[in-house]
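Two complexes are shown next, each including chain A; its partner changes from chain B in the first to chain C in the second.
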Partner chain A sequence: MEEQLKIDFEKNLKNFSYSDQEKKFKEINFKEFLKQGFPNRKLENWKFSDLSQIIKSNIGELSFYNNYSKENQIEKIELINELEHNKLIIVDGKIVKIDFKFEDKDKIEVLVDQSEKTIRKNINSLINLNNAFSNKFCKIIIKKNYSLKKPLVIYHSTNKNTHFSNTNSRIDFKLEENTCLRVIDIFKDNSEKNFINIYYNFELDKSSILKNYKIDKTINNNVKYSYNNVNQEADSISETFILSSGSKFFKNEINCDLQGQHSSAFVNGIFDLDEENHHEIKSNINHLVENTKSYQLVKSVLEKKSKAVYQGKIFVSSEAQKTDGYQLSNAILLSENSEFNAKPELEIYADDVKCSHGSSSGSLDENSIFYLMSRGLNYKEAKKLLINGFLLDVIEKITDGEIKNLIKDLMGVKE
Partner chain B sequence: MLKISNLSAKIDNKSILQDFKLEINPGEVHAIMGPNGSGKSTLSNILSGKKGYEVTGEVMFENNDLFSLETEERAHKGIFLAFQYPLEIPGVNTNVFLKTSLNAIKKARGEKELDAIQFLKLVKEKAKELKFDEEKLGRQLNVGFSGGEKKKNEILQMSILNPKLSILDETDSGLDIDALKTVADGVNALRKKNNSFLIITHYQRLLEYIKPDFVHVLMNGKIIKSGGPELALELEEKGYEKIN
Partner chain C sequence: MRDKQIEDLKDYKYGFSTDIESIKAPKGLNEDVIKFISNIKKEPKWLLDWRLKAFERLKVLKEPDWQKPKYPKIDYQDLYYYSAPKSFNDKPKSLDELDPKLLETYKKLGIPLQEQKRLNGIAVDAVFDSVSVATTFKETLTKQGIIFCSISEAVQEHPELVKKYLGTVIPLTDHFFATLNSAVFTDGSFVYIPPGVRCPMELSTYFRINASDTGQFERTLIIADKGSYVSYLEGCTAPMRDENQLHAANVELIALEDAEIKYSTVQNWYPGDKDGKGGIYNFVTKRGLCKGNNSKISWTQVETGSAITWKYPSCILKGDNSIGEFYSIAITNNHQKADTGTKMIHLGKNTKSKIISKGISAGYSDMTYRGLVDISPNATNSNNFTQCDSLLMGNKCGAHTVPYIKNKNSDSNIAHEATTSKISEEQLHYCQQRGLNAEEAVGLIVNGFCKEVLQQLPMEFAVEAQKLVGISLEGSVG
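Up next, the complex of A and B:
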């Protein structure tokens, strides 16, 4: 792998016009990635999902160079018809379209040629990989006191002929004071055997609201990692909802730094897994000042040999008195070979806090099935009704009515 | 309508019903009384198709071999069990459940399914008759319902599905006297020429309001005595031990 990596990296540096500073930044990140490689189970954060092994067994040899000079054509992309929305389309890691047609143009600034100069300590080698290989990235700034009229849908797509390859993308968002942004991530893959690496950075200024809904419903054989870094100032709210289902492997990592008083973070997720799919949600909610709140709810329905992992961490610093932190996970295992791993972590240094966690897993209740069947429903219908009922309270946590209905439709939850 | 011959049932090699015989004709109301552990609930579970029992013998329901039918097919043919302990089903709206159930049965019978408006009209009418709080229809099925409300909900389901044979498994337990009357009214309203009932109970209290045609005493998995409504009164007076 190392040989290929070096060749691809050199190609990348040569073929795109980076400044010396950018080159230096990329080189440092590249060296770091070379040193660490893909995360493996020796790392606590990755002990249930050995990405190094997962890539080896599902993809094999990866190539890292993407020739963006040829136009990234999408064969087909099904857009959402159910609701009006702004669009951002990413194909093979490159942004091919940004369209805020429903919004006031002077309220949104889109900077397409961003590059990072400062070198921060990264949380894992995948961010290094992203920094080393992603092209220039895009930064979207929502101007003070503006709430977007329509949600922004980010379509993540891959070309049919892009196989055995790694794609990296990064978007930064800045929500200025008193703004509201809804982002829906939709994954529509036309390729197989790719490793897709996504990195979002959100800066939430005072009283801003971010709602991010990630919908991975299309069945595909790709391996994905998505990292959301959210920095929150006073009175800001972040809501993250993840529907984790279609990909072969998907790890969603959410890092929220609650650094302003009365800021709050909500992370809710559904694992709806079949076959041998293996998905994970890893959250780090860092309560750094007084009076902050976090709430997490994750529910899983696991068929066949699927595997779900939820590692939820609540960190409370010594200054963060009056913290309110909560996390709960429930799983239904529909087969003897399915697996649910939960690792709640509470690290608390303040003494006046309210933090709790809970986790349960079990099978579908046969008595409930019998009850429903005795009323004329067949086994399949009874099972579906029970599962939808089980998942409903996570869906009900979605605060945006329009998007809640879209997700209910996608999941076939009837009312 | 229902003919049970030589029915024996075991669970984990423990014999529960032995050589059980019973015949119910259209329009008849039969009551089965018996002490705890006599096999009453097993009988209702077997008739409605619960898995986990080793069964021998024969049960015919309107020319159908009951054991060849799945649980839901028995419901389609017109068998209804009012549960002793109705289950709480979180996340499933009561109205949605009732409509799904009614339409599943109608579909299986080749009848026209009800649309939302027709269904709401029907359910409102039935809820009113049974003094069932309409607001509860919008809630999750049996979640947070009191014991009495759960039982009333069973009777509401029964009157909406309009089954040919209704089995009431200790529907009277946990009901106060007003609720008991309402439940009895619900049953009596359904008591038409062809609808039959099998009422399973400990006490004769319910039978004051629903007059049975026949009373059977079940002990140790067998019917030891059958008679008219007067048998229930005799039981109440003497107790199960002395009746034999």
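Up next, the complex of A and C:
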């Protein structure tokens, strides 16, 4: 694989115009990735899912070079009709369309062809890989005091000829003071056996609100990794919702730095897994100053040979007094071959805090099924009703009414 | 009255060292030292081979480094692996022949070795540096067929039992410190409870490190045969020294069908001084195997001492319907560090486990609960309940919770909950209003916080532990 990597990297450098500085940046990242390789079980963060193994068994040999120039046309992508929205379409890691047609033009600035010069902090080898191979990234700035009228939907798609490839994409967002942005990530895969690597950076200024909904519902054979880095200033709010369901493997990592007082972070997730799917959510909520708040809720329903992993961490620094941190995960195992692993972690250095976590896993309550069946439902209906009720808890946490309904429709959950 | 008591206890009262001539193996870790230990203990060949096999394995193993408390590198070649009081060259036959200095030491420690204290009704095996020095109540126990002696003695007198069970729970190929212990273990206790016998008294071991530059590597093996019951206590102290001393013990418990083992520890090794200088590194491997159906193993620990505590008393629930329990209080103050918890590995059907962990950190200390609950695909209808609560005093200390939860069986349930908080102002205010001073109030509240665990300890120990809890936190409020 190393050979292939080197060839592809050289090709990448040659075929796209990078400045010397950019080249240097990419080379540093590339070397770092070569050194570490794909994450494996030796890393604490990948204890339950060995990515190098997963890639080996599901994809085999990967190629890292994507020739964007020749296929610029957009594959037919099924867009969401239920909801008026702004569009951003990514095909094979490259942004092919940005359309903010519902918004005031002077309130949104879109900077394409951005590049970074130095590694701000070394996060993990997959971010290095992303830095080394992703094309120039895009930065979206929301100007002061502006709330977007319609949500932004980011479609992640692959070309139907793309197989056994690694695609990398990166978008930075800056929310200036007192702004509001809703982002929906939707995955529409047209091809199989790819490794898709997504990296988002969010900067939240004072009193800004970010809502990010990730919807992975289409059944596909791709391996995906997504990393959200969120920096929050005073009074800002971030809300992340993850519906993890369709892909073969999907790991969502969320890192939230609560740097301003009274900022808060919410992470909610649903694992609705079938077949041999293996999904994971890893959250890192860092309470760095006083009076910050975080809330996490993750529920899983696991069928057949599926496996879900939830690793949630709450970190409280010694300055962060009066922190309120909460974390809960529940799982229902429906098949004897399914598996749920959790690692709810607390790392606390301040004393005046209220932090707690809970985790439970088990089977459906037979008594409840019996009760429903005695009311005339058959076994299947009773089971479905109970599961819907179980998952509805998380969906109800979505603060945006429109999107809540969209997700309910997608999941076939009715009240 | 209480003030005076506190004044007495404020400093580590077990910090004295006894001036006893001792025999030591040459410094360093190599085959010759292992042969020396084996030779001086007149061990059979199979045990020496076993030790050497462990040593071979040790050469390729690396020290684990995933733990939270980091420590400076230990120079394993700069330690004495064997140290024994000189008068022990010919082992005394009765307590009367013991070196009076030794007896005095144990008297200072409050260990009921001597006749008059036999009324206490606890059988004691005392381990001084590397060797077991005295075992009490032997006759009473022998009548019931119970074997309670030092492991060196057991190797001589009951080799078949030792050979059968030694290393079955903690194999030679385990992690670094366990393997180190297998190679150089010097002494420890051996307990065998025959089928159907309920051990009439608490069995107890008292460990003490005396000599400097020594590591203590004791090995405890407890076997509860079918339908038997035993409750075992362990206590430990060490003199105050500036350097760090290593204590890497292995404890193996085996419960056969319908048997029950209750293992309680009150660990009070020297924690180092107020600036974190000196103290014991307590890197212990404790593991219990519920081998037979309906067996039960219960660990209770009160961890107040040691510069670094790093241990996870675990249960392997192999037999159907077996039960594993873990109750823990860990208190860290000043610069102490602890990384402790448990592993519950469910293999058999209908197995149950319960974990109650209470962590209290004060001063500049760091406390981590790390635990694993693993329900394997075959462990149908198993249950686990985990609760770990942490209490923080001051913003210089840390409390961390790192549970690993693995459920691979759909008919099994796991519930885990954890909280971290501080003592509420209201509670403190209420207590102070009733006439307690701040420290007494904290002591009272902390004891309430720990009550669930303290209840699990045998009477005599519970009182001692309760006092210890209060003392460990002296000076952490106000």
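Here is the rule we go by: the second predicted complex is superposed on the first by the 411 of 415 C-alpha atoms of A that agree within 3 Å, B and C clash if a C-alpha of one lies under 4 Å from a C-alpha of the other, contacts with A are read in each partner's own complex, and residues count from 1 in each chain.
The definition used in the following text is that a contact is a pair of C-beta atoms (placed from the backbone, for glycine too) under 8 Å apart; a residue touches a chain by one contact, two chains touch by 3 or more.
This one's a predicted model, so the numbers in the text were calculated from it and none came from an experiment.
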item	value
Touched partner set for A:N388, first chain B, second chain C, both or neither	first
Touched partner set for A:L333, first chain B, second chain C, both or neither	second
Which superposed partner A:D352 touches (first chain B, second chain C, both, neither)	second
Which of chain B and chain C A:G362 touches, first, second, both or neither	second
Contact breadth on chain A, by residue count: chain C or chain B	C
Which of chain B and chain C A:K217 touches, first, second, both or neither	neither
Touching partner for A:E44 - first (chain B), second (chain C), both, neither	second
First, second, both or neither for A:K404, with chain B first and chain C second	neither
Partner chain in contact with A:K304 - chain B first, chain C second, else both or neither	neither
Contacting residues of chain A [partner chain C, same complex]	44, 47-48, 318-319, 321, 331, 333-363
Chain B - residues contacting chain A, complex	48-51, 70-72, 74-76, 80-81, 83, 86-87, 89-93, 96-97, 100-102, 104-105, 108, 140, 157, 161
Residue ranges of chain A in contact with chain B within the complex	365-368, 370-379, 381, 385-386, 388-393, 414-415
In the complex with chain A, residue positions of chain C that touch it	66, 377, 390, 392-422
